[in-house]
Amino acid sequence: MRFDEAYSGKVFIMSRPTYEDADAILYGMPMDWTVSFRPGSRFGPNRIREASLGLEEYSPYLDRHLEEAAYFDAGDIPLPFGNAQRSLDMIQDYIEQILAKGKFPLGLGGEHLVSWPIIQAIYHQYPDLAVIHIDAHADLREEYEGEALSHSTPIRKVCEKIGPKNVYSFGIRSGDRDEFRYAKESGMHMSTFEVAAPLKEILPSLAGRPVYVTIDIDVLDPAFAPGTGTAEAGGISSKELLEAIHLIARSDLQVVGADLVEVAPNYDPAEQTAIAASKFVREMLLGWVKPSK
Amino acid sequence: MRFDEAYSGKVFIMSRPTYEDADAILYGMPMDWTVSFRPGSRFGPNRIREASLGLEEYSPYLDRHLEEAAYFDAGDIPLPFGNAQRSLDMIQDYIEQILAKGKFPLGLGGEHLVSWPIIQAIYHQYPDLAVIHIDAHADLREEYEGEALSHSTPIRKVCEKIGPKNVYSFGIRSGDRDEFRYAKESGMHMSTFEVAAPLKEILPSLAGRPVYVTIDIDVLDPAFAPGTGTAEAGGISSKELLEAIHLIARSDLQVVGADLVEVAPNYDPAEQTAIAASKFVREMLLGWVKPSK
Amino acid sequence: MRFDEAYSGKVFIMSRPTYEDADAILYGMPMDWTVSFRPGSRFGPNRIREASLGLEEYSPYLDRHLEEAAYFDAGDIPLPFGNAQRSLDMIQDYIEQILAKGKFPLGLGGEHLVSWPIIQAIYHQYPDLAVIHIDAHADLREEYEGEALSHSTPIRKVCEKIGPKNVYSFGIRSGDRDEFRYAKESGMHMSTFEVAAPLKEILPSLAGRPVYVTIDIDVLDPAFAPGTGTAEAGGISSKELLEAIHLIARSDLQVVGADLVEVAPNYDPAEQTAIAASKFVREMLLGWVKPSK
Amino acid sequence: MRFDEAYSGKVFIMSRPTYEDADAILYGMPMDWTVSFRPGSRFGPNRIREASLGLEEYSPYLDRHLEEAAYFDAGDIPLPFGNAQRSLDMIQDYIEQILAKGKFPLGLGGEHLVSWPIIQAIYHQYPDLAVIHIDAHADLREEYEGEALSHSTPIRKVCEKIGPKNVYSFGIRSGDRDEFRYAKESGMHMSTFEVAAPLKEILPSLAGRPVYVTIDIDVLDPAFAPGTGTAEAGGISSKELLEAIHLIARSDLQVVGADLVEVAPNYDPAEQTAIAASKFVREMLLGWVKPSK
Amino acid sequence: MRFDEAYSGKVFIMSRPTYEDADAILYGMPMDWTVSFRPGSRFGPNRIREASLGLEEYSPYLDRHLEEAAYFDAGDIPLPFGNAQRSLDMIQDYIEQILAKGKFPLGLGGEHLVSWPIIQAIYHQYPDLAVIHIDAHADLREEYEGEALSHSTPIRKVCEKIGPKNVYSFGIRSGDRDEFRYAKESGMHMSTFEVAAPLKEILPSLAGRPVYVTIDIDVLDPAFAPGTGTAEAGGISSKELLEAIHLIARSDLQVVGADLVEVAPNYDPAEQTAIAASKFVREMLLGWVKPSK
Amino acid sequence: MRFDEAYSGKVFIMSRPTYEDADAILYGMPMDWTVSFRPGSRFGPNRIREASLGLEEYSPYLDRHLEEAAYFDAGDIPLPFGNAQRSLDMIQDYIEQILAKGKFPLGLGGEHLVSWPIIQAIYHQYPDLAVIHIDAHADLREEYEGEALSHSTPIRKVCEKIGPKNVYSFGIRSGDRDEFRYAKESGMHMSTFEVAAPLKEILPSLAGRPVYVTIDIDVLDPAFAPGTGTAEAGGISSKELLEAIHLIARSDLQVVGADLVEVAPNYDPAEQTAIAASKFVREMLLGWVKPSK
């Protein structure tokens, strides 16, 4: 090893050395400036990478090894602190470049609002896009405290952009009355409280379609993911979230991008949230990214 | 806003401004002086209030909004440190005043012994009272270390006061041999280990009766509620406790008062216990308190 | 005690029952929306109040008892999340009302930007105002990341408003080059690294003048105050900060208002920051508020 | 009580005063020197003992009391820091002495490699030994980073010693590809992801056989046991592990020894891992140790 | 090593195997039942022992090695939970036995009230006893909340027993007005805020006298000892407390017993309080216990 | 920004984009395999980088800006877990390459043993090398538990390699008797307990000489650096360590390399150790690295 070749900063285990080698790009979005209750998800991507050092490279769930998944950990997008609009623009621009190279974007949040520019970019490329949204919160507000750019609004925006009937939410257990009314009346799909069982029923109807999957770590009960900004009791277990990831992996969807958001390590001195998140990322890489050849 | 109208201290979200406006009184009992292993529940009420700031005001479980529940957060009863008997007297006196005004008392502990004076006060008003007790511990000791006023004795005292056959315990997974023998021989009901399934079976038999419900947060597994004094592995999930609250809400019981006790925030740096407790309180307010008109 | 008289929420110990009884108003400003690195000071005021329960009511430093200080804990100003300008307007309006009644405003932050509207309000009343600023950070930026309303800018704004020569900073050990250049060239006073010794020298020159004192808890070394957003190694001890408070108490200044900001309890599982802050508040109340008669 | 009779150091509750009185010997192995990711299990035995102070002495699961189980807590074996081979030799020698006296060895780890010398000692005495292995990790590596003495290798060594068909692993959810291939091809039994259900099926086939049971606390999901070195999301609950212990207790196996390993208290500020572990130890003592009478 | 000789529970490093071998007896008093604000010191002795594993056996301050100090760690006195009077009786009885054998009692608390029965026992043997008291709190109350047996009263009781002029308090920075008035008027010595400097002045006047030294860990600033029940900002550093211990070691006092109390490990996830306390104990053993021959 | 240019992993703030641009190379050595008491320093370098995000780029102590210091953060050397000898060989080889390019090596540990291969490499280039060693521990053992490659031995090895009279230790407060005897008899310099004052006296005698400086973070009191493996009470403050760094910066030494070791973030939930360490690194870069032209 020559010293100029040293491992530069912490990356997710088994990252390929350059983006050209990769079918998927793993990238961080260290943004939490619209978060209302407990910010801190800006540190999520770095801690997920750190925790990945404790992972096995092989998944007995999928019988696949990270060597079979060609991905490049590109680090964090250097988002401008406190400037939500410019941050979103940078994210959208960044995703468009990934898509232009035919690669799979796998994003690490940061707050949930980051999914909004990503999905806009993906939708430009896939006009028949469906979105699978796994979360404790409906995120269907039109605005939050007078602000349309909020971590409570991204799925509403997505509904308005790609049509509510193309949006499928699972595990929702929190929101205001208007959000649940919108869910019922708009034509979108919303499964409350549960994830794996309703997902199993819905997946066949999405066969063949391009799908973006966004997972908010707070769909887990705080017992499994205390390190998040808006922990909400009554959630699912890590086992059920793994099952959901594997259901999608074994389905006939064409997953075209994904993200995992809202890991806020400061609230979790035992680091279990980052440890769990790094395993979910491994399974997403192994199950959802199709080798280019 | 005039400065003399500022929000005075932390209260549970959506508290009505005065007790006259309210159908229910939310009050804290910051007492933990008889606790044997790890005290600290005296800080429970304040942290449950603080965590309530992170709650939605709407419940998708019950399709109700906190605006529909008229309650006043009266703060903590100023209990005299270390004096168990006088603390209990103050609590009983306090509850009697709430009942005299026809309001629903919803108490936050503090240690479990606080339920004893509350139930005495309620029983005076409702001689056909039944008690539903959801807890990891039987709390059926006659005394603990020679002391009859202990957090291990309240349910025994309740049995002796209102008759064992009017007491229904659920989720019990800890106690000494005599407590379990008493449970078997006295005629009370005790379901071990499980809560929702046996509760579902029992509820119809209580239809129409006035019922007081006391919940010890340690019925949850420590994974879901690490912040409690006598954490006991092998408990139920937050999901199951929510289900139990909703089963009672949808039953034909006449709930006439309730408490949630033993939240001890110091043992839980991730604050998940207070976060979960504040959600349980919201569901109890929405599901158990009947509007006065 | 009647139940409608119960202690309403947590307040700082020995608060008078109403604001009319009080010479000083203690109030919280739970705002942290412009904070760049680690937000969380919005929870500061509540935890300082909670920690006050562990305080003695008597100060052996000043030989005074909290009974001798008539203050009312008015709770937190209900600031609108994420809206910096409107929050600042509300604070300024609030302080003007306190001043109109001839009372002493003692504020608990929240981020340091909250001092800016307070000082504007005070300056309207006291045109010959001087400001004593005790902090690790110069807070002299003109803007931060393009934003003039930032926790890095309040002292610059104060300098521009009341004239740099009326601003006295102590303990500064962090800032950018322009801030230190401004400090040198503008005519303001800045003591780097130390607090008590230079303060002792400066105080006689301020004799008789109306002075506002703003203390950022991060002037302490992180050993003494780990619970703050921008902890900076190399700070002073709690002992030195107490000495500074007592130097001011014993000086001939006319202290006309004060604040203590940037306590962010989430970063401090041992709660030592809130515990220390509650003691500083006690000493400020005892040493700086002059009885009205 | 005379002062020379004082309670010497912390022991597991209800330990008999001398080893002669005991049917089982409880002993600690404070070794973690081959651990790759997060060491710290050397402190496990002491904290499990400390947490035992919070346990009831009676088990409502088994309807037995610790008075009915005669065990002596012998403290920790004084293993030489950093010397894996000599530590293993000391453990093996220690177990042989316990077996020579006809007593049941119940060990507390420490890292999982400690099970290897124990099982060697047991196998000498019981040539038809079967091993039940409950763990998140296969521990079937031939070596780890070039080192055969590693916490990733003990079950492979056991397979090679006593024959793979006598080894039964449950709950496995992590390992490299070769480990899972070995599990399939060698003739050993491996149940992935689940514990109680497959154990129930297997137990009848082991009726009457001498069996050693080794439990790695990380078979639990990190929600239930954050305090362990290689936490792995997607595990079982404390309830399921209790069920597994009780299934074995009620089976026709002849349990001849057992251990519980990998409790690393430093990663768990809420201490829930040690609290849960102490309960598992109580149930193992009550359910698995047969009175010598 | 034979298995019946294994190390029985955790003891302070280098403890002699039996009390007969020892000049000093190290013993724990796991009592915290009169503590008002944050209990937990009952776990102090065990954690101080655990932390002693990280200590060197040699002190460069005193140029002595623990081999030169013959002490026996006798474990914790099994105090009856919640029964203050009986606990105190047991402690007094225990100390009398130690003194009867001519050994030096070195106690680990537990709350500060434990010093009261110890000093009574010592005073019976040494009627010209002086007491050195190093603490943040005066502990001079006559009663606390109506209770004379409180952790706030022991030094008052000592004053009344042995005469105020024989009591020397150092480092006091908290108490009520009456306590400081008593300190002034009674004739006792009280140095506020500082320890080493005033101790240096006082020590010569105590030359040759039998002296008991009681140290409350909260004399340290919470930065140095966050793990204590009534943390009080503005304290001394670990360095100053070490200096005080060494001043006494090098003086002409006849130290006849000592204690270190109020370590409450639950409030200190970094474990620095127990780590520091174990070092103070080492220095007390090396500096204060005179070899018997 | 193009996506292939994204910021790759976390690096210390203001790192130059390539090593060619740099006068100094910042590199991590994530090794802790010989650590006896509490391992975990392998995570130190990553957390120091993460904490650097909270730093100002300008130092008011030195009136310099990080733009004036040309350094490249090369990431962590990928050391082979558990293999001490091979890890040391890789480090030595790595440093030799840095020196061959005429650059200044600034290393982040990892355990203190990593300094041994670095100093060997430096000594080859600078035969008149002196070493300044700032630490709580003497690190002068010949072996530890029979192992010559231990974190307790590096300074002894350095003494034997470059001659004891060229080694200057400061702040030492822990070690065994032989280490202190060696310090006295060998001719090396050792200042116990203090750093800045004795350093000030020694520095003139080293004027003009090439000097390597190794700092163990545990020279700080645990109050200032709880996150380290062998925390030792009675240490210096962050302020004194900063003073020492600045004394060296302003001296006439030719600093030719440096390291900061033993940051173990797991023991410090408040993250103050990494926060302080990142500031020390900034001051070392600004004060010790001479611009190449």
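A, B, C, D, E and F are the chain letters, set down in written order, and residue numbers restart from 1 in every chain.
The rule we apply is simple: a contact is a pair of C-beta atoms (placed from the backbone, for glycine too) under 8 Å apart; a residue touches a chain by one contact, two chains touch by 3 or more.
These numbers were taken from a predicted model, which means no experiment stands behind them.
The chains in contact with subunit D as well as with subunit F are A, E.
For subunit D, the chain with the farthest CA centroid is C. In terms of the distance between Cα centroids, subunit E is separated most widely from A. Two copies of one chain, subunit A and subunit F, touch each other, and the residues they use overlap strongly: the shared fraction of interface numbers exceeds half. The interface at E-F recurs elsewhere; of A-F, C-E or D-F, the pair that shares more than half of its residue-numbered contact pairs is C-E. Subunit A and subunit C have Cα centroids lying 41 Å from one another.
Subunit C and subunit F, compared by their mean Cα positions, are separated by 38 Å. Looking at subunit F, one finds that residues 38, 221, 223-224, 267, 269-270 touch two or more other chains. The touch graph of these protein chains has some other shape, matching none of line, ring, star or complete. Taken pair by pair, the chains that touch are A-B, A-C, A-D, A-F, B-C, B-D, B-E, C-E, C-F, D-E, D-F, E-F.
Within the complex formed with subunit A, the residues of subunit D that make contact are 37-38, 172-177, 180, 192-193, 221-224, 226-227, 230-235, 267-270.
Residues 34, 36, 38-40, 80-83, 145-147, 266-267, 269 of subunit F are the ones that touch subunit D when the two sit in their complex.
The touching residues of subunit C, counted against subunit E in their complex, run 53-54, 56-58, 60-61, 63, 65, 221, 223-224, 237-239, 242, 269-272, 275-276, 279-280. Against subunit E, in their complex, subunit D makes its touches with residues 1-4, 6-11, 18-19, 25, 27, 43, 46, 49-50, 73-78, 90, 93-94, 97-98, 269.
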